[in-house]
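What follows is a set of structures for review.
The same chain A turns up in both complexes below, where it pairs with chain B and then with chain C.
The block that comes next holds the complex of A and B.
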């Protein structure tokens, strides 16, 4: 750290302290106002998942709290109450996550907690959320074990879909393209050697085979592999018609770049997480037109248009074309449930979420056995926008666009 | 041929990662666990300059290097000299510097997170080039060329200049170096600063083909540590050879056996070197 940065940092700290004092003074003047509702949030700000959480999770929490407070808070039985946000960094470490939740529950005594970021974290932390009775509306969590988990934890909800649904989304698209004569039946598949990638690859093997596809290349690579060129060379040598990667953000970028360099000539190219990130589009420009990825949105509805605009305005960042919206939806559900109950009663709020339909930016959402079945599974980059092309119960899927090389 | 060329290019990347730490640890005796964060800072600078004003990372290099040099020199003078002064022996200095730089790495991660918590990713020279029938990415080739140049310059400087000789003297034995009139603190500060500058430059180059984020530094530190220890502490040649071996083996394993085994193979070689040549490939036995 050089001197200038130190000075900057100190300056910022000083400025924030002053701001805090002013804020406190303001609060003191409004002492007659109701106590705020305390919202806790634990997610990675550092560690391997931080890059994703900074795009998908944190900005939506920030945006939601700002929006609610801008209109005077949540409408409760005893009048409006503002939100107070308490954030902790779990350092992408499940142990740290548990400690932070414990602290939120026992020290900060927060009223509600935003669900964790990442499949592993949502599953690992479910017992502690359940223990304190916090409704946990999981977003960034994809698993085939949802029924088992929801029956064990009555306050756990899932919104983003199952592993099998994601694989089936990809399979359906590939089958459709094959039947239309656009691709053959050879698939090259790779996955990141991590719970997420391994589970998807294991689900995909039988599904692709049953659909009549042949896996001509099937390998895994460790998270953080610095050079993915041997993998792309291997995949290219197998002469596939489609390339599918169950990948994480750094390798999604890396594999796509290598595919461009090796000029991997496939009719369908799919990478998983982070394909939907605005940074992906910015990095590759028009070259990735026609690339498939996990997720998607229908950016043309009025509600989504307004959401993208507000996200940019309030957080200064672009929302991604997938789970950003789902994350915001989970907060809308929490908000409507708290207002519906009208008081800070976590069990009543959990019950309210189970019993009601919620009006969100992705349309009406209702939970069946604590699982929502409205989500996008596959999206495609089309003229600079990542549009949903396959989904479970979502309207407005775009037509698939044929990929023509890497230009 | 594919393996040889891809492996050498990956090795070049590893050379970049490890050279800075090699100087810092080999000469200044600071086991700098914040070395990876210096790489991340270089990458962030390059990403910022490129995305905001489309300036080539190859120009950013010349901005980043002097800033990193001064920054690291200050870190050494202000933060690390007190540790050097109070250390009774080299072992104590290593322990203290590990703790201090470990803490420093958290501070740096925090700063980078507050500046840009998302991925640093952009496209620069991401175009194919055919060398002897193997397709390589131009950005990796450029990084490799810089690795060769930096390695060569450092080697020549260390072995054929007066200042370099002083640096080597300190690396061999700081106490004896004092006896022949070398200002050990000054030379150590110089080596530390040069090491930091090399790491930051490495970050700039690496960011053209690897997607980094604020927290990824520790992975680079680990890799650098393995290479430095494998090659022999304080020997530029050792670090280069070890980095190239690592690159070649990882690529060979990924191509011929399975990409999933690259990490295993890297640690296996590390283990073998530790077992049979604990002082490293080019290291001198401790006296």
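The block that comes next holds the complex of A and C.
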């Protein structure tokens, strides 16, 4: 083989290689059109908040991804694109959480991220979401500092309400019952001595007082205390007309159990977080008929009926009667905003969320200064369903049912 | 200074410069890992300064870390104080606290001390909640600053560097010499006239000081502070295990424990997320059964062997 032949051969090889590369690139481009949209999610699967997250957060993400993919993906300008979910456990630890969000943003290069679970985690992760421009539609985050937070982080949205709104919801219910002559004006109030419980109790003291109520019992108990019977005995001894507990999941169950044992005779009984869990209804059955709690839903609309059925069918679990629906709504908003923009342009999607109204299972949702003011604040167990009885701008609040003992 | 001292010093300076450049080359993810590693380098090295020579296992890192984070959050959120002032106050408070605890417990023999420090973080967490609940009230503690992760990383690097300089100075001082004697035989130390209790208390106070500084610096990263997030018992155990894994009889020992541990921890979190606790246990067993003097001890043993063959 002389030099010319060699050169010729090399030339041919080179030409074929180029052709092959072009062909491959073409394939890659074609493949790119059908590439899935990567969705990241970080929330607790272990640690103290895992109990709540596995009821409220994870099943809705699973359900949403399944639903979207079952109909062929999201409708984008360049055709339909499926969703690919990448999920990490933050172990209920803010440091781990932030590492995982950074991993999603820079290693996995996900297109969108589902907002975290828990107030602290939403606040802690907000700078990272803002840095990479991910829209963050926070659900399980209740704060009285929303204005400051949203002006600091332009891609952060709130949907579940403020601390003050929750206390006011309870106050309105109690005032209504008092004015109707169903209860007197003596309230026994207890709270879990942890950030959330202390904050709510602090907000409630002046609000109850201004509404003309008398706090005949005001005590706190440490987070995770196994024995709540002294608290309930003390409350009973104060002979209140209403009992209000700013409580977390384990003590919501514990206090209710003690109230049944002690046969606490009050016209209104309220426990905060987890009263809306299906497990609460299953555990106490008809005994807790008439009990109030944080949250609520209107289960009678067609959309909500369909949502509960699909949730059970796709995840095998029952949705809770509060933030489950809000979590799903946040994903609907994200979905409609992505489809509205038609491409993976996060800044455009964030702007779209600010500018538009969204058709969701909880009705039309619109953000004012990045905050949605449509949410339930108080619900009540009525014949095995936890119905919303007080809300901010929600329709279909149920009539309050009078509580008659613990049977 | 002799040549033997200058060389490690130069290596140290080069390492600090290299570490300071990390935020310019690492992306957000690697920076957040480097930040975690830097946090544990500062905590473990300062822990080893006390526990290495004295053999007192302190599980109080989480308590002092929590004091730092919590005071910064309270001061900034409820009293509108500056971050820097609160950082200084929290370090001071933790140092005094460590001094009091040291005086109360370090005269006791080792095991009582371990048990007491184990309960300390939990005790302070409950105390803080109690005070907040009965006297201060709470509207959620927010630490909103304009610090980026790079800023926080550099602050931690500064603390880690300070720990190393402090350790180096201690090693050359009468105090360091006294500590080594206490570690070898406390009775002998007492007989030659060393005030063993005070020597231990002073070193223990230094671990409180540095752990509170680290906690204070991490607070803006967490942004929202709840007592049960910053007073974490897991942190205390991680600090101990990383330090022992590296080796506590050399100043740079914890450093070589922290870096591989952080990377393996991260890899496990990604690939087999529920096995981090198992890994923690395995690391502890490895230390107890195979490398009681850590990686450094292993390395030194291998080097001694290879020398004896020559």
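By definition in this document, the second predicted complex is superposed on the first by the 374 of 407 C-alpha atoms of A that agree within 3 Å, B and C clash if a C-alpha of one lies under 4 Å from a C-alpha of the other, contacts with A are read in each partner's own complex, and residues count from 1 in each chain.
The definition used in the following text is that a residue touches a chain if its C-beta (ideal position, glycine included) is under 8 Å from a C-beta of that chain, and two chains touch if they have at least 3 such contacts.
A quick note: this is a predicted structure, and the numbers were derived from the prediction, not measured.
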Go through the superposed model and pick first if A:318 touches only chain B, second if only chain C, both, or neither.
neither
Who does A:220 touch here: chain B (first), chain C (second), both, or neither?
both
Would you sort A:233 into first (chain B), second (chain C), both or neither based on which partner it touches?
first
Going by the contact rule set out at the top, does A:345 touch chain B (first), chain C (second), both, or neither?
neither
State whether A:265 touches chain B only (first), chain C only (second), both chains, or neither.
neither
After the superposition on A, what does A:96 contact: first (chain B), second (chain C), both or neither?
second
Taking the superposition on A as described, I'd like to know which of chain B and chain C A:48 touches: first, second, both or neither.
both
Tell me which partner A:250 touches in the superposition: chain B (first), chain C (second), both or neither.
first
Looking at A:172, would you say it contacts chain B, chain C, both, or neither? Reply first, second, both or neither.
neither
Give me the intersection of chain A's contacts with chain B and its contacts with chain C, in residue numbers.
45-46, 48, 193, 220, 222
Provide the residue numbers of chain C that touch chain A in the complex, in ascending order.
27-33, 36, 126, 129-130, 132-134, 137-142, 144, 148, 218, 221-229, 232, 234, 266, 269-270, 273-274, 276
Would you pull the chain B residues touching chain A in the complex into a rising list?
2-3, 6, 9-10, 13, 51, 67, 70-71, 74-75, 104, 107-111, 113, 117-119, 121-123, 126-128, 135-137, 140, 209-216, 219, 247, 250-251, 254-255, 258-260, 262-263
Could you please specify the touching residues of chain A with respect to chain B in the complex?
1-3, 5, 9, 45-48, 50-51, 54-55, 58, 92, 190, 193, 219-222, 224-227, 229-231, 233-234, 249-250, 253-254, 257-258, 260-263, 274, 277, 279-280, 282-285, 317
Quick check: in the complex, which residue numbers of chain A touch chain C?
45-46, 48, 88-89, 91, 93-96, 98-100, 102-103, 105-107, 119-120, 123-124, 126-128, 131-132, 143-145, 148-149, 152, 163, 191, 193-195, 198-199, 201-203, 220, 222-223
